Amino acid sequence: MELTHFNETGRARMVDVAEKSDTRRLAVAVGKVLMQSETLALIQQGRIAKGDVLAVAQVAGIMAAKRTWELIPMCHPLLLTGVDLSFSIKPEECSVELTATVSTTGKTGVEMEALTAVSAAALTIYDMCKAVDRGMTIESICLQTKSGGKSGHYQRGGKP
Amino acid sequence: MELTHFNETGRARMVDVAEKSDTRRLAVAVGKVLMQSETLALIQQGRIAKGDVLAVAQVAGIMAAKRTWELIPMCHPLLLTGVDLSFSIKPEECSVELTATVSTTGKTGVEMEALTAVSAAALTIYDMCKAVDRGMTIESICLQTKSGGKSGHYQRGGKP
Amino acid sequence: MELTHFNETGRARMVDVAEKSDTRRLAVAVGKVLMQSETLALIQQGRIAKGDVLAVAQVAGIMAAKRTWELIPMCHPLLLTGVDLSFSIKPEECSVELTATVSTTGKTGVEMEALTAVSAAALTIYDMCKAVDRGMTIESICLQTKSGGKSGHYQRGGKP
Amino acid sequence: MELTHFNETGRARMVDVAEKSDTRRLAVAVGKVLMQSETLALIQQGRIAKGDVLAVAQVAGIMAAKRTWELIPMCHPLLLTGVDLSFSIKPEECSVELTATVSTTGKTGVEMEALTAVSAAALTIYDMCKAVDRGMTIESICLQTKSGGKSGHYQRGGKP
Amino acid sequence: MELTHFNETGRARMVDVAEKSDTRRLAVAVGKVLMQSETLALIQQGRIAKGDVLAVAQVAGIMAAKRTWELIPMCHPLLLTGVDLSFSIKPEECSVELTATVSTTGKTGVEMEALTAVSAAALTIYDMCKAVDRGMTIESICLQTKSGGKSGHYQRGGKP
Amino acid sequence: MELTHFNETGRARMVDVAEKSDTRRLAVAVGKVLMQSETLALIQQGRIAKGDVLAVAQVAGIMAAKRTWELIPMCHPLLLTGVDLSFSIKPEECSVELTATVSTTGKTGVEMEALTAVSAAALTIYDMCKAVDRGMTIESICLQTKSGGKSGHYQRGGKP
């Protein structure tokens, strides 16, 4: 077992994937933002009345996914063919759950793009609500499923 | 209690902070990446022999902090005066803990910059190690302390 | 009368504004997107039911304003202190009117930032609706008012 | 008739185009900048003597076209194969007309890239001349022709 | 012999390469940074003890290579499939030699990406060491080899 | 003598400059591109007839200077107040000499911004002419003068 992102001198490189074939690839990542119940209520009411926090987070996540290769040093640039985000309000644990689905036809997978979409959307929720709740935490960002490419299908064992 | 990031029509805006004074501001954010013990061992050995995952994550986190305002839609642009990141290996829970410290002299706080530094560094750790461990999760990203500005000092209640 | 954006050899330069003082500056720019009545109806209904075109345009305009200096070659970088956008539906001429308000405390004005916010938001409206209406046109992008700085207050003669 | 840029919950998404085929695509967009006759004269003389406003606008338009997907939230990233811009001085209406031609081989059209090239070039003309003419307006930005892809050829009805 | 980056009116354009075929392309560029012997010693010792200048330069060069088309106005966007950088300490001439290897499968070559990687890494070495040695110079940045595409293989005559 | 860009664990950091005062700072950097005499002739003729290579390089250099902090990992973001570039044709050694002058009022110097402007402009000259001359080399990029800040005035010993 070794890390492929390093060259023979032990320095980081962007691994050459030229020999990999262009295949359809999909990745789903999830995560959540824990907050106070009052904050969650503000987000829920917002869509109707005061301002839609999740609409801004949605756009932030999608835009960040496209720029993943600019942010993560050894990530390959990819032409994403699709990005979607969904949010699920969980009143019982006072959280917003985020799910990002990213697809491409290319030589490398889109795990990082899906994880970046979730992270940027979660950070945006924090930013939009921080004036009322500085204690929010971002939890359980992980890869849910992945398909396409040589390494085949990945399905996370259990719910994160 | 209301969200200030929206205008009177309920649409998002970047709040006008022109009246705020330029003060010295500091924020510390933390987070961690949970992984398999073999992955943690690779990271630990890497610095000496095979390739330094955390050196790449360090650079990624610092560079991302400077671009926070490009990623988070309603974030104000700021001239960061300092960014530092540190990592702490926690063998008992198989994790790498990340701490980012960001400072500026400006009209708004640097919480988002510290949280973005932690997020980008954590994502980079995931990227560098994902070939050997797809199940890693990013956990407990939150603000630890914050000082400067009208809202004063913030210290998180307990360890995240 | 001469163009200050060129040096003595006739090549473009970013004019040195170091001697200018940091003052509070504000600019308002406007523009509109003309479209078919069916398209306008879709935008109007969208906020309630199907998808909020203007919420996406709002975010796009604000984010573009912050990056104006990256897009417009001789523009000075500025720390915007506020950006807001508003939209007004004009059924009689089948258009959406856009107004962007940008502020800063700095050495140069924010006209370009306000005009860029309007342009990016207008382009986003086009993008979101182009599947149903390729013939939309973007019209009358201009500066409405400007204040702050040595050149003083500017108020456009009449409604654009 | 509906807007495809939204998911089933009414939130914006970047539509999945993975099933679309890679075809040769071309788009031509136009627009114009109206100004005072003295400003137009400065631009005309500039190329020979004082500084070439349109050369800067040309570069700005081409560079912006390549970054369209960063600016327009739901735009797909594309590898542009060609971008050209041309300017036509119209003394009778005191305007500079801009035409952008963009091509790619890909899964989505390049309308947005052509429109963004025109917009950025027009904004740059404004920026370069604003010290002498704040009243300039950007007018009639629209798609002229488009070819390639499933939706086939589009030709605007009349001169914009 | 003529410059293809200009259109028939003598203005810059991004040449249309749509007719070119997607082939495997590789480029190697080199360069060096000359410095004082004390500075070179600090870099050499750094990896072990004090801080690894070249690790930061490595990441900077790789990240810059991916963004070449954003920096060089008429460069085509490309999906790089691999980027690697190596450094060679030359005590006899007090220099660090840099070599960047870039690959893609695409319609244009990757010379500019390799040259940009070397330039950004060299600038980063300067930045990291400038507090102790302002007189460093960056020398002999050039293309070493290039393969793929219609123009065929290029091999630089002698050592730069 | 030690490198300040590293923290106590030997990892890179962006040094905190909050305590430094905002002073007027200026830096001049130079460099040159060596080429075949036919290439130099094309550049010289270009301005009049066929296409102005140096006009494109000028814009590229200015735009890159503003984004230096995005490219060079430990560089502080700065609001540049002025950027200018000039070119000097040296027929005797078949080169184009580049000089970049950058100014700001801020807490850190602008050496890196001036060096980045020269590098990006030199790379652009290479890009615009590479179809006719792949053997060009970029030479002698260095800091010429620097003023402002605690470290005071710097003047390079002799002509590079």
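Think of it as A, B, C, D, E and F in the order they're written, each chain with its own count starting at 1.
We take it that a contact is a pair of C-beta atoms (placed from the backbone, for glycine too) under 8 Å apart; a residue touches a chain by one contact, two chains touch by 3 or more.
Treat the numbers as computed from the prediction; the structure is a model and nothing was measured.
**Student:** By mean C-alpha coordinates, which chain is most distant from chain F?
**Tutor:** A
**Student:** Pick same or different for copies chain A and chain C, depending on whether their interface residues overlap by over half.
**Tutor:** Interface between chain A and chain C is built from largely the same residues.
**Student:** Averaging only over C-alpha atoms, locate the centres of chain B and chain C and give their separation in whole Å.
**Tutor:** A distance of 31 Å separates the two centres.
**Student:** Determine the centre-to-centre distance between chain A and chain F, using the mean Cα coordinates as centres, and give it in whole Å.
**Tutor:** Distance between chain centres: 37 Å.
**Student:** Taking the mean of the C-alpha atoms as each chain's centre, how many Å separate chain C from chain D?
**Tutor:** Taking the average C-alpha coordinate of chain C and of chain D, the gap between them is 15 Å.
**Student:** If you look at chain A, which of its residues touch at least two other chains?
**Tutor:** 7, 11-12, 52, 55-56, 59-60, 63, 67, 73-74, 78-79
**Student:** Among the chains present, which pairs are found to touch?
**Tutor:** Between chains, contact exists in these pairs: A-B, A-C, A-D, A-E, B-C, B-E, B-F, C-D, C-F, D-E, D-F, E-F.
**Student:** Using the touch rule from the top, collect the residues of chain F that touch chain C in their complex.
**Tutor:** Touching chain C from chain F are residues 24, 54-55, 58-59, 62-63, 66-67, 78-86, 103-105.
**Student:** Residues of chain A touching chain E in their complex?
**Tutor:** Result: residues 7, 9, 11-18, 69-70, 73-74, 76-79, 106-107 of chain A touch chain E.
**Student:** So in the complex, which bits of chain A are touching chain C?
**Tutor:** Interface residues on chain A, with respect to chain C: 52, 55-56, 59-60, 63.
**Student:** Which positions of chain D touch chain C when the two form their complex?
**Tutor:** 1-7, 10-12, 31, 38, 42, 46, 49-53, 55-56, 59-60, 63-64, 67, 71-75, 111-112, 115-116, 119-120, 122-124, 126-132, 134-143, 146, 154, 156-157, 160
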